[in-house]
Amino acid sequence: MRARDHGFVVGQLPPGAANSITDVAGVRVGHANALPDHTGVTAVWPHAGDPFSQPYFCGTAALNGAGELTGAWEIEEWGARTTPVFLTGTSYVGAVYNGATHVLTARQPTMARDEVMIPVVGECDPSSWCDLRDGPEPGDEMVARALDDARGGATTEGQVGAGVGMETFGYAAGIGTSSRVVGEHVVGVLVLSNFGLTERFVLCGRPVGQSLANETASSGEGSCICLVATDAPLLPHQLKRLARRPFIGLARTGSYGSHGSGEIAFAWTTANLLQREAPAETALRMLDDELLSALFAACAEAAEEAVLNALCAGRDLRGYSGQVLPRFPAERFALPTGA
Amino acid sequence: MRARDHGFVVGQLPPGAANSITDVAGVRVGHANALPDHTGVTAVWPHAGDPFSQPYFCGTAALNGAGELTGAWEIEEWGARTTPVFLTGTSYVGAVYNGATHVLTARQPTMARDEVMIPVVGECDPSSWCDLRDGPEPGDEMVARALDDARGGATTEGQVGAGVGMETFGYAAGIGTSSRVVGEHVVGVLVLSNFGLTERFVLCGRPVGQSLANETASSGEGSCICLVATDAPLLPHQLKRLARRPFIGLARTGSYGSHGSGEIAFAWTTANLLQREAPAETALRMLDDELLSALFAACAEAAEEAVLNALCAGRDLRGYSGQVLPRFPAERFALPTGA
Amino acid sequence: MRARDHGFVVGQLPPGAANSITDVAGVRVGHANALPDHTGVTAVWPHAGDPFSQPYFCGTAALNGAGELTGAWEIEEWGARTTPVFLTGTSYVGAVYNGATHVLTARQPTMARDEVMIPVVGECDPSSWCDLRDGPEPGDEMVARALDDARGGATTEGQVGAGVGMETFGYAAGIGTSSRVVGEHVVGVLVLSNFGLTERFVLCGRPVGQSLANETASSGEGSCICLVATDAPLLPHQLKRLARRPFIGLARTGSYGSHGSGEIAFAWTTANLLQREAPAETALRMLDDELLSALFAACAEAAEEAVLNALCAGRDLRGYSGQVLPRFPAERFALPTGA
Amino acid sequence: MRARDHGFVVGQLPPGAANSITDVAGVRVGHANALPDHTGVTAVWPHAGDPFSQPYFCGTAALNGAGELTGAWEIEEWGARTTPVFLTGTSYVGAVYNGATHVLTARQPTMARDEVMIPVVGECDPSSWCDLRDGPEPGDEMVARALDDARGGATTEGQVGAGVGMETFGYAAGIGTSSRVVGEHVVGVLVLSNFGLTERFVLCGRPVGQSLANETASSGEGSCICLVATDAPLLPHQLKRLARRPFIGLARTGSYGSHGSGEIAFAWTTANLLQREAPAETALRMLDDELLSALFAACAEAAEEAVLNALCAGRDLRGYSGQVLPRFPAERFALPTGA
């Protein structure tokens, strides 16, 4: 069950068919885990083609940059990327970065010869629940598996892939996604949700966290990586702007960007794809800035709902030390659904 | 009446004595207008001393940089400022900047000789309601009046000073302020509130805007300048972080950072003051980063309440073309107060 | 006489016809002064049309942001501007900003009604030589005069317009310009040059400053605003990159970006002009990133030569206190010219 | 032999005892390679203590962010780091990041339990000369070896550690370092030098590259990572400023920041160390901003000389395809030395 199944309806704009980042045509999400209760890898293909042959425009932003999203220098400098996007646990950034290097190099004959590559790897810290010292480390095989597992349509959420061990407002969360349709365009958000002080949790405007703080405990630290995809023809500087809007959704759930919370966003468009062997000039389209406002509202709504979806998809997680991170008891707050 | 008088209680932390940015000791706010219904000037003294002799640490941030806050380059480079802060209408930035230059130069014998000065002037656009082509332009006299009018304690809010002509979610708003106490420190926020699409207005978690959208009309554009003061001993890079937190409060009232909305913040501390003739090394204190989280939550709460205070303090404004910008009918949404 | 007339040839790329920023078709430069020895205003039209009707893409950068260039927030946010560019002395930023507001509002019926405007005004500090407390302040008339004086072709350099009172490496400098041709494109740079410690001056690779330090004295502080224009079809993020390259030229003359030196650049393209009433999508062209390298080298060369041109065009300036800022004795360092 | 041994004296300030980044007390540099002609790892200990227990203030900058330096988000957000700094070849960033995670986690019992860590790993691309597809990849052992090899005093330069396979202006370069003494403080720079178009090479002001372009060939792409250490008591925002100054030195050798060249700097101070378990307030010292100018000049000089030292320390490198990257024939350009 997802947030809407409990009557948790966020905002005013309609979601796409799958209510997922995959509603942006070509975007695909895959997961891989070594063990069900241990952090793994989530991989996102940014468009229908090969991002090495067809670099895509993108931009980043941080509400609180207390985390890692590799490739940030080139994203800022070039406004474009050439790899899929990877998510994992903090201590595995190097392993997944290296796995991505191995797998993508093997699949691309000119890589590390005429070209090098800097992948995008984001992280949250599941170390309260997963044993990052002694647990199984993701390697090439898991990176490849997540890439090959990737698909459109409905996205598996919660404690899966990079989402395992992730906690939000004191409950098991992890991967969540949602989308909004704005005219002929779609905005989709996928979060790796691992943040929030229980007493600050706001559910669709209701400050439910204060009562829940007696039932569960959260450190209040943690992070939330936000991936934002759209098919609107944006330029890199417009994507940087879009990348700031998931934080509006996070704020509405109760985030205040705590000191240790890496609330970092990466936004891209599937339109305006570039070519590796580019001509002297490439023809592009730019969405009128006035039309961005609706995309911004869509992004804020989708981010808020993505966090709720991550919470609603959680399951009890037995941590490596034996303690249990409980699932969010969504049914206790259920509202009448439209049906 | 202010937001709390209607039972609109934001967040979990207690406000300071005046529930104003002036709860940060030394901070003073003054207003000047040429006409009651025409945008004027608001001036804020950042600390109890002379900011020219005692520069103060500061930092900025933008949710959406569609506006102006002068001095931004030096704030980023030096992490410090030497002047009071001024707010006004968009077309008057030059006039107030020049007025500030005249007034502050006249009061400081070495200015424009051994030293120059770049003042901080922020703006929002009241041109839907105030005649910025033919109305009275603020000049030196009004800048001096706002500076000299500045005082601590209770702050006049709403349609006053720079706040005249400012609209929020379709209602008269303008200047609003609030504060929060965090242990031995205070965080205060003052907003120049001029943003928001009526149907997006959220009042303490309640999506009241959708019903109000039948009663009033808003363009949804506009801006919100946020001033944040604290007495916690922060460094410039910590103040940049604090400057990002008012946007969390704005988000909770319904902002999504629309394309044309200049949601820009300026944060400073009254601790760690510098000296103009500095020794080779200055002794400073730095608040432990872990303690920032509570300040961040405080800032988000104070910003949300400051917007509500701006709305609750509004009065019907007769625009220069005869149309009326209505006051927000707070009493219709009043909740039981603690009293 | 200009730098090349003394045999000071910078770099490897050929200059344009006028060896000026005006070699970028449509760019025009005008100056206005109240008195010959008092800082005035320089205005630059960024392209052949009306920038209000046809906004232009742009970007900024700072080696050392110790100065002011207004409009920076919107340049970063929108990647575009709608006004000419103005330069003046530090204490006159407000006056010129306000003059620009008046003049441009008067010429544009919808301004301050449906639209507001934030002009670009950059500054350097001439207060060692010009009396910024009591000298004549630029106002609307001088702003209009500079705008209307603007022309293509050869550009007046040195102690003219905003350049009066500006000192570089201990000599009278001010306005300087140069250009480079790169294939079918042109890069032009105009500097307001007011920086440099005499003993650090490097003239075409020769460390001449060390001997000159006995003859003249410089504070070493001061600033250099760099305007960069091109007709290459760049996007905003590419223009930000281009804006970092004038500092390479400044470095080669001896700048190290001293604490108080506002070394700030503003770059734009005359290609990819936008429309005020934009369609939902605008067709644009993007120069292949690989071709940027040549533009970057061109920009570095033109900036270095622009500084030398500012020095070579200087004249003895009698400061308001009676002291003389000497012209640079270029002839003592002259090299054989190609002729 | 180093640059000064050939009479290549850069600038006006005196170098420290070792003319190395290790002149900043506590800074130590170590190298590890699997094979002499294959890119390895260089590790830099930022101060005499354990950076995990004593985090250090730092800041970054880019002339051209076409590369990777991991940890950038937290450096910007927190102004501090907790790990040594690592350099390697582009395809090995993940491997070294992961090796650093393993080694540092093993040495620190609370790591990945109560704390996580994001190391700083910078890179340049040696793929023209080293086989990054099939050559030996650095792993935990080499990371540990580089860390344990680290020492103060004279630093091995050129084709060693991460420097193997690095080319500058068409010649073998790699690791180079230099320092400057400014009053009681020291500024040291270490570069991983892998940039530059031969015809643009400027040697102490002499444009020697144009003649050399017939003898060797360079792509002109590549990168240069610059590490800057000082013992001056700077704050994070001051270190960001310092981090921009190596680019001045690079510019003077002929860099123009070509599109593909990752010219990225990381600066830190050994003063103002923090404590992991920090008190509510930490006492710090801040160097007067006016004194920064001399540090900036020192940094520019040291960076220029570090590049020359990297060139002078190069040796002929036989690339994996059999081609030879020649050493720079410094002796042909030697100048009289002071001796």
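By letter and in written order, the chains are A, B, C and D; residue numbering begins at 1 in each of them.
Here is the rule we go by: contacts are C-beta pairs under 8 Å (C-beta built on N, C-alpha and C of every residue); 3 or more make two chains touch, one makes a residue touch a chain.
Note that the structure is a prediction, hence the values are computed from the model and not measured.
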Length of the shortest touching-chain route, chain A through to chain D: 1
C-D or B-D - the one linked by more C-beta pairs in contact: C-D
Furthest chain, CA centroid comparison against chain B: D
Intercentroid distance (Cα basis), chain D paired with chain B, Å: 43
Intercentroid distance (Cα basis), chain D paired with chain C, Å: 33
Numbers and ranges of chain C residues touching at least 2 other chains: 64, 77-78, 241, 289-290
Complex contact set, residues of chain A against chain C: 77-79, 233, 235-237, 241, 278-291
Residue numbers on chain B that touch chain C, as the complex places them: 62, 64-74, 76-78, 90-91, 93-101, 105, 111-113, 116-119, 125, 127, 132-133, 262, 264
Chain D - residues contacting chain C, complex: 12, 63-64, 199-200, 202, 205-207, 210, 220-221, 241, 244-245, 247-249, 251-252, 255-260, 289-290, 292-293, 296-297, 299-300
